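Chain IDs A, B, C, D and E follow the sequence of writing; residue 1 opens each chain.
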Amino acid sequence: MSEYLLQAKQISMVYGQQTVLQAVDLTIRAGEIVTLIGPNGAGKTTLVKAVLGLIEPSLGQIIRQPGLRIGYMPQRLHVDPSLPITVGRFLRLAHPSKAAIKEALAEVGTSHLLNNPLQSISGGELQRVLLARALLRDPQLLVLDEPVQGVDIAGQTELYQLIETLRERHQCGVLMVSHDLHLVMAQTDTVICLNQHVCCHGHPEHVSTDPAYLALFGEKYSQALAVYHHDHDHEHDIHGDVIPDESGNSPNHDHSQCGHNHHHGSHQHSNKHNEQKQDEQKGGQGHA
Amino acid sequence: SPAAQPAIKPKLLASIKPLQLIALDIAGDAAEVELLLAPNVSPHLYQLKPSDRQRLAHAELVIWVGPSMERFLAKPLSLLPSARVLTLLNESELDAEQDEDEHGHERNSSHSEHNHHGQDPHIWLSPAQAQHIAQQIAQRLSTLLPAQRPTFEQNLQSFTARLAALDAQLQQQFKALKAKPYMVLHDGYGHFEQHYGLRHAAVLSLSPDKKPGAKHLWALSEQLKQGSIACIFKEPQYQPALLRNLTQGLALKQQLLDPMAGHITLGAHGYSRFMADFGRRFISCVQ
Amino acid sequence: MPDFLWLGLSAGLIIAAIAGPLGSFVVWQRLAYFGDTLAHSALLGVALSLWLSINIQLGIIICCLGLAVLLVVLQRKPQLASDSLLGILSHGSLALGLVTIALIDDVRLDLNAYLFGDLLAVSQQDLYWIGGVALALALTLWRNWNSLLAITVHPELAQVEGLPVERLRLTLMLMIALLVAIAMKIIGVLLITALLIIPAAASRKFVTSPEQMAATAIAIGCGSVAGGLGLSLSLDTPAGPSIVVFAIGLFLVAGLANTALSSVKK
Amino acid sequence: MSEYLLQAKQISMVYGQQTVLQAVDLTIRAGEIVTLIGPNGAGKTTLVKAVLGLIEPSLGQIIRQPGLRIGYMPQRLHVDPSLPITVGRFLRLAHPSKAAIKEALAEVGTSHLLNNPLQSISGGELQRVLLARALLRDPQLLVLDEPVQGVDIAGQTELYQLIETLRERHQCGVLMVSHDLHLVMAQTDTVICLNQHVCCHGHPEHVSTDPAYLALFGEKYSQALAVYHHDHDHEHDIHGDVIPDESGNSPNHDHSQCGHNHHHGSHQHSNKHNEQKQDEQKGGQGHA
Amino acid sequence: MPDFLWLGLSAGLIIAAIAGPLGSFVVWQRLAYFGDTLAHSALLGVALSLWLSINIQLGIIICCLGLAVLLVVLQRKPQLASDSLLGILSHGSLALGLVTIALIDDVRLDLNAYLFGDLLAVSQQDLYWIGGVALALALTLWRNWNSLLAITVHPELAQVEGLPVERLRLTLMLMIALLVAIAMKIIGVLLITALLIIPAAASRKFVTSPEQMAATAIAIGCGSVAGGLGLSLSLDTPAGPSIVVFAIGLFLVAGLANTALSSVKK
């Protein structure tokens, strides 16, 4: 197996009173796609920023291959309207060659935006342009925070396909945050299911049957999404029941850690859920 | 009032040094005369300190030119009873004023708050005005210390006599010499010039706050190059860098004139010494 | 304690009390430059009053209010950040003022003098003026607090929810302009602009709600006025700058306290 | 059929040289869910803003029911960090009652965020909070611009379910922009497929077989998403081929209009595609 | 034409040329207040030099550079917008300067003289100074242009891509501070701060790239210097304010032209 591009060890992050990350481990190898999944506020963006060195974790250590070239696509971008900059010029900040820029824009399907002001393009267009910028760095490691957020349905599949292609062509590692489990699962080598701590991790097929995963997302969502049904109560019943029922069918899965962590995770969940139940149940009734 | 007790001398507070010099001559030993603003401090950014305010509050009499000169005093002094303030250049009778004679304004010269048309507040530079200032101070001192009225009248008389002699001497000297054209940096010598029948040939700017325009400077530089100006009066408070550009390469007499009497030592006959020095410097340059 | 201290202290406290909430809006809406811009436009006001022979105080107020209206109009096209707009208005009005003065023949005028009031020269009558204006502003603020907050957070949401965004923004600008225009002459331009920004900025780190920020800003502002006057008395320094220095000191202490607090939590 | 809440007639919007909207009609009735779909840059957000009165359309007319109460959820929200504001206080700007706020937060599943600073919550959490704010207005018309963007997978279904519930309970109209065709289709009364002009509109089942729709999104995407496959060339072949083949199986579909519009739309598409093809095909090759 | 006009024109053009690109960064990074803040810190510099008896010009430069460093340090914690930070630094240094001066007994000092230069008073030697500094700044800008732009657009992206964000930001601030500190004494604080902001802001509407904006700002700046001097010659108004008024005029014309252009397109 190839060398580590990047290794994060026991990363913890605390904001004020709130623990956002707790002893998270993460390893990315060349040519490997690692996907972070997890509910909103799980700390995915925080972990990504720590890995990139943009924020200093409260505890833990990050080891990068020296001279690692990273292509990064942030979750949000806000450019001041007083700065006149076209999409093309924006990309030239990452790479001087115009040919390469056109190529990258073509790859993400936004060639026609080359001379548009960066501030005027639509939300989904911006996502594509950001991906183009990450590609231009000819990265050894591609870090993408919800790359297809706001991208139209045709573009989503295109972009995921593109990421797959890039991985194959350049043998670059990919760290990706995503909510689109169904689209992502097929291509990912390792899924890390995050909820402050690492709930479970491993190969998608294994993870999708992991009880910790099921507890977090409900069994239904791990299956085809075409079947649309949501049963709120059922989902949370699993929370409590499934924890002791840890079978050994996920080879990469660290039992002891997950046991501990998962207890914590389930505690968090039921916390939120209790709050919700204590309030007037105007909306809650709609769920059944 | 504590001033009523003869043991304690009443305090006078002059806003600027020339006024202090005059007041010292009139008051003699009967009163203390303090100075509010050191002669080298620009009144533009000046903000009163608490100690200044204490001195204002404790002074029996505050002597100042008026709001067109020491604007930062206008507000604090308006809060004092008028009996304790001597305003030399009053601006209360204002507005529909017509400056009947811009330069020859007399004691109650008309002013307007919003429009200092040609008002040159440097009134102490004219011996005639100084004489009038001295009178006013004597009058107020006499009201303040009725018992010492004779002393003040005597001091006033000797002040007048000394000044008259000096004035006559200067008049004569100025008449005798045919003053060559000279230039001033700002139009602050009007009262002196008026009194001695002089007129500057050129001025850099109306006041230090008003920057001259390029048109004016161009004309000025032509004038200087043609050699029609013999002398330039400089000031310690106002040293415009512009002057360097205008006078570069020209052989011009330059004379330092301090209208604020910065270099005059305190003591007897201060004002006369100031005027004598002022006149001498003027003459040495324009002769 | 002499009268002038009491008068100055009262005026300072009143202004700090109203500058706290208004200053919070100044900080939130990135209008820190507004105070200085108003001071410069006041200069233009002086120059124009001289030219047109109208009352100077009136000229200053008209110019300040006019500037506020102009700013609201210019902010509609949001291509320029408000600080750039303010920079242009500030330099523009200052330069126009200077040129106007130069064009009026034969005016002798110390422009600075018109702008620098002095806290220790406040008269009884000034106090009534300041008090009246502060009361009017406080009432307007009180009645529009939620709406003003809503347009600060997100103007588009506020507009969809039926608030008259443009009118509210204008109200806010006019309130700030009025306060600065009145206070400038009485307590000095340095002091009023500083009292708008520094207490609000210093309180940011300790608060979690807009109301807390306004209240803390009031407290810090009043503390600065009292402390600064004490400083001025003991060191014999001018009152206005001393208050500002004291406020800066509080700001620094606040920063240090915050750092210390958060390191203790860890 | 109930009254119109809002009617937009022949809305056009031009930015500089670029036509973003062209003669778009839109009608929303009480209790109806209208969904706007379309590729990135199609003008969906622009149309929504015009309908809300936030921007002035270049041409056209918008008629609203007098006194219409609108709940709006913008696509992006950026709050200055100098403004200290908690989620709870933010919601109180829309509604004074604390009980109502707790209820709304519970409805969107973020009760635990009540006292968190608005600037610190994660992307998906912010979306939920924005929806809560829209709900608090007890709206007659709910306008949502990509409501589940960045929301985790469990939340997405929850939120769509919630919107459905609200519509039923309050009989409010809903105008929604979305890329999640598979999730949205089931609940929507009318789908408007936008690409500068209205490509096609009508009931979801009809629209999903409409050739204009297929041309825009490709046949595959309208079916279950579990099957993941993308054939770029094929998609664009449909563009040209399908237009004459308009069968009458979509009752709400205005043939003449769509014929005209579609020609325009297809022109636009092939334009973009040509640009893309002219460039070096490094990425393009990956699509096949 | 007399020498001093040529000297002034040259100095103005050189400064406008370097202020164009630097001013664009000022506008993009919302630092419009920076120039005024530097002017105020220069006052502190004067006061401290007098107190410590060091060379005044040196004291001014040190204070300005120190302020730039302080700003970069404070901007690390981005809880306060940069305009509020600048407001605090501006009022703080002005107040500290005034207090320091009040504490030094009996100094002969016209503060204005230290701060207000005059374009028409530029000497040959000043010109060399200005030219040298402008050249150094232009070279630094040229070499770091792309990196500076990258940290302006999105600091986080820039950092991930390996740029030394903090060092670059410091470089930019020091460049602006140096230009203002040198130019303040020579051409006046009003003119240098205005030449930073107004041309850059006026050019915004016509351009689509950062380079175009810098170039257009240079053109507008140089045009304003030439036009303003012409104005000063024909109306006999002071040179600095006339240039600023001319620049504002160009800004307004630019706005109108833009409106007209876009309505023609429709």
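Keep this in mind: a contact is a pair of C-beta atoms (placed from the backbone, for glycine too) under 8 Å apart; a residue touches a chain by one contact, two chains touch by 3 or more.
Quantities reported herein were computed from a predicted structural model and do not represent experimental measurements.
Chains that count as touching both chain A and chain C, per the definition above, are D, E.
For the interfaces C-D and B-C, the C-beta contact count is higher for B-C.
The distance from the centre of chain D to the centre of chain E, with each centre set as the mean of the Cα atoms, comes to 46 Å. For the pair chain B and chain D, the distance between mean C-alpha positions equals 79 Å.
Measuring from the averaged C-alpha position of chain A to that of chain E gives a distance of 44 Å. For chain E, residues that reach two or more other chains under the stated contact definition are 27, 30, 79-81, 84, 98, 102, 204, 235-238, 240-242.
Across the assembly, chain D contributes residues 80, 82 that each touch 2 or more other chains.
Residue positions of chain B with contacts to 2 or more other chains are 44-45, 47, 49, 210-211, 213. By the contact rule set out at the top, the touching chain pairs are A-C, A-D, A-E, B-C, B-E, C-D, C-E, D-E. Contact residues of chain E toward chain A in the complex are 27-28, 30, 146, 149-150, 152-154, 156-157, 159-161, 204, 207-210, 212-213.
Taken in their complex, chain D has these residues touching chain A: 15, 38-42, 44-45, 75-76, 78, 99, 102-109, 111-113, 120-125, 127-128, 146, 149-158, 161-162, 164-166, 169, 179-183, 186, 217-218, 221, 224-226, 228, 230, 232, 235, 271-272, 275-276, 279-284, 286-287. Within the complex, the chain A residues that touch chain E are 49, 52-54, 70, 72, 74, 77, 79-80, 82-86, 89-90, 92-94, 115, 117, 133, 137, 143. Residues of chain D that touch chain E in their complex: 14, 16-17, 58, 80-82.
If you check the complex, the residues on chain C that touch chain A are 78-81, 84, 262, 265-266.
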